[in-house]
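In the two complexes below, chain A is the common chain; its partner is chain B in one and chain C in the other.
Then we have the complex of A and B:
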């Protein structure tokens, strides 16, 4: 028997397989109940204000569409217009939860929700990486990103969430300590292997400390980096070693040893559970500073989203990005580098979560300029950087032909940008971006490689 | 009670009350909303003077539209300046400056031209029409008709309107002055009642979406 082709519900892709989406089953009532809850201040305080104002105040000028990578890359296809997507939820909001929508639905564009529209909405909110480039340029600062995220939250409430983000994401992470499912023994083996690798490449051996209690710095990577981007993990270890600081990695034995928090992408309940587990781990280890490795959304979560969720007295440690440390140590002269060790032309990709959402624009640039003699800017960059298409969990989602979507939309624009720089290396500091660049370079046959910022820095280190 | 009396002597108070209390209620409601998780977009202005500079630049140049959606910029700029000038007209008229009618007329013309061109853009640009629902056209037509009737009847050009406005403060409206202006007056009153409950209150919403959300409170 041939594998069943999932029924088309929105476009040519299906990131939510039938067993998750359950088309044909009655879900509208449950959706409306969950949506009612999402509109109540007390039930949903975390993003209530931006959510409500964004639902109510869009002026329909279409400025967002002019900067949306998906809309632009698809030749301005109507279904990928940011307002079309936001309106899928807005029409429901107006029809069921506003007086004008109940009285004059035709006037304000209110529409009944059907099972088919629910299917389409569920797929549609997984065509946007919530890169928030549109929110940045909106004259009224309306946030299509928050609408997409709230829709994902409502859908998760009724059991519709990508398995990559939930069952194999937050649930697995809370159960075993990381979203890769790596147990402690395997983790320790991996660390030893990395020590061997460093010795082989550099000709000297360093000790990578694990589970050291009371250390000054706990460095927590996206655990996927150990498997997919080990160069970044090794680079960071070399940097910590060269700086001569008191630092440690941690194993699943101590709790959570994975900086990721996929709750950021689809659920405040999951987000909150994971971040509390992060805090508990750091407290148990008694470390002073939690260093977030090269992972964009983990930085956003631990640096900013945490602030109003967990009171300061319950998180007695500082959160800092590895980029901030590296930049500081370079400027202090604590790290010595020889840029000639990275002779190739290098460009830098501003990850949305680190840049537009994290304000980390200059640190990576100073690091790269210090350790690469030929640094080239991509255009546009910084706050107007184009999302690579790996954001909000996309980098680990491939079901239903989704890789093609990633490559033909966000990926294509990024490939064109990369080509225009003439660089041989694209540096970035986010695991999702790296996973997306790995595919972009392969799919679009670009004559270049991707590298972590820490990797390039480590390569330039002078002992 | 005849309709003219209703429009000139009663409705002004009702309309202003709706505008002030409607908008006030909404602003207080939003102010009391739970503070959302940090969700800033970088870079953003930090000091009050930087924030004022950025807000005023946006209000007076519509920079976002200029930079990213140029075709909407000039029509939108005209309509907004029209509204700014009509508000200024009201103030300078009350203060008794003789040039007030010129400001009023210029404001009316700009609002008329702006709303009309925005209407055309919305109707004839395919992708904007597709994201528009009737209320978008309704709002533009409302502003267009308000501007048209205000210009056509000479409401904005008549310095005597000052004495009608002043008479409203004494609760003894000078009805004869506005006998010919019932249509623009009624539209203006309905507009004031309507605005707080629609997205046209975006001038107030922007304080929250910019200051509280996009710029946040990380200082």
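Then we have the complex of A and C:
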């Protein structure tokens, strides 16, 4: 009737099923080949230098562990210590790719890689959301997040990647235009439904433009928002309409209509394929500005990682977050709001990708303070914001009991933090965060709801 | 791969319990899948959700927006969670024989 429970390889969870991990099969040689490639500058265009420096430099001071949500939430379990995880790769690096490690492994903490250690490493790098809180505090600027991502990349090279992120993620997105598998007819049905819903809730009808060539703004959402967080899509449409700008959404007919790029989480090859398809879609439509909807990692991909891959002349459009636009239009007086329309106490969750990585701290706060009279900060926030536990793909991964891991580690700390604010609404601007908050609120029985920033802004708009 | 036996027919499921071939779905399969979800009896309210999901999927090859599901069935999201404790995507879609929703949902 049901699947056999996969054997434990690291802890009580198994996010990579046997079909993916293939325990028992010889993979060490291939792993070492792929790792050798990752260590060559020419073969690794993303973060080669911080990667090498991070492998070489750690002085084991443990500062990172003091801020790691997983390590803290598990009562300081050694296997969840950020250095324990990074050392799993570091030991291999030293043993096979440094001279002292090849000659005197016992002196430098180098260790042979075995199939069992490979199993454990593969699961271990999917216990970290790459929130990079640890990197922010490291006194010698080691980036454990980069190490985890490089390990995920190496594993993907040898065929080990979560199906949610690859087969049903980047591969599906490249094939049909979005990772939800939404065909154009379904997309158009959804847009029409949203127009009806806006009319019903607000009392006026707006036209949501689709596939408009040459538009000033192409607004690209995380496609999952249409299905699961429609209020964010509606809110953004109302904002674009209220600002009176020339804008459009796009259907899968035009190429990629999903801002996500799960390659950010595990593969440069996949990342490149997806972002090139994004660029091609934007160019084909001839739009002037690509607006990234409420999605953290999509912002990292399209705003920052793109700079390292696509030359400026090949991307003749500006990339901007919906939050930046909303903030600007509010300050310009282009959007008028009545904050009394959002009377409930509201707090804001800094998504790791928008905040700590992207530096977008003040824009969402200015928006929320303008349209919510009772705005309350969570503590800590901004650079030291606690990851919700949905990052790096976790929000859509739940195999092998993983939902429990998400809820009992990151989720528990976040729930305590949310409770302390007394807020009735947690606003955030990232789909993964929303999916994680949906589960946290349910699992930890919190008397509150989550909402997109655009949703709260749209609710406060006055005509 | 796990599977579920319904009236002597072995129906393959993916690791998350969704049936692999949506064409093999019928009402008895729905009942068997519901049992796996811990739902002992499919009431008229369950069927309203299941049938809506099924018809939408057959027309559009994807699950509907959660907001649309609530609207068309007249059930709040809370009510849908009461009917299908794993929620609309993981619970209701599974019983309706849809493939597991993908992407950030």
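Assume the second predicted complex is superposed on the first by the 461 of 463 C-alpha atoms of A that agree within 3 Å, B and C clash if a C-alpha of one lies under 4 Å from a C-alpha of the other, contacts with A are read in each partner's own complex, and residues count from 1 in each chain.
Basically, a contact is a pair of C-beta atoms (placed from the backbone, for glycine too) under 8 Å apart; a residue touches a chain by one contact, two chains touch by 3 or more.
Owing to the predicted nature of the structure, the values given are computational and were not obtained by experimental measurement.
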item	value
Fit or clash - chain C, chain B, common chain A	fit
First, second, both or neither for A:309, with chain B first and chain C second	first
First, second, both or neither for A:78, with chain B first and chain C second	first
Chain B versus chain C as contact partner of A:269, first or second or both or neither	neither
Partner chain(s) touched by A:103 [first = chain B, second = chain C, both, neither]	neither
First, second, both or neither for A:140, with chain B first and chain C second	first
Touched partner set for A:260, first chain B, second chain C, both or neither	second
Degrees between the directions from chain A toward chain B and toward chain C, using C-alpha centres, nearest 10	150
Per-residue touch tally on chain A - higher for chain B or for chain C	B
Shortest CA-CA distance in Å separating chain B from chain C in the superposed model	24
Chain B and chain C footprints on chain A, overlapping residues	none
Contact set on chain C toward chain A in their complex	1-5, 15-17, 36, 60-68, 71, 81, 89, 99-105
Residues of chain A defined as touching chain B within the complex	41-42, 45-50, 52-54, 56-63, 65-67, 76, 78, 81, 83-84, 87, 106-109, 132, 135-143, 146, 304-305, 307-309, 355-359, 361, 383
Of chain A, residues touching chain C in the complex	1-3, 17, 19, 164, 168-169, 172-173, 178-183, 185-186, 189-190, 193, 197, 222-228, 230-231, 258, 260, 295, 395-396, 398-399, 431-432, 435, 442
Residues of chain B that touch chain A when the two form their complex	30, 33-43, 58, 62, 64-65, 67-69, 72, 76, 122, 127-128, 130-136, 138, 199, 201-202, 205-206, 208-210, 212-214, 218
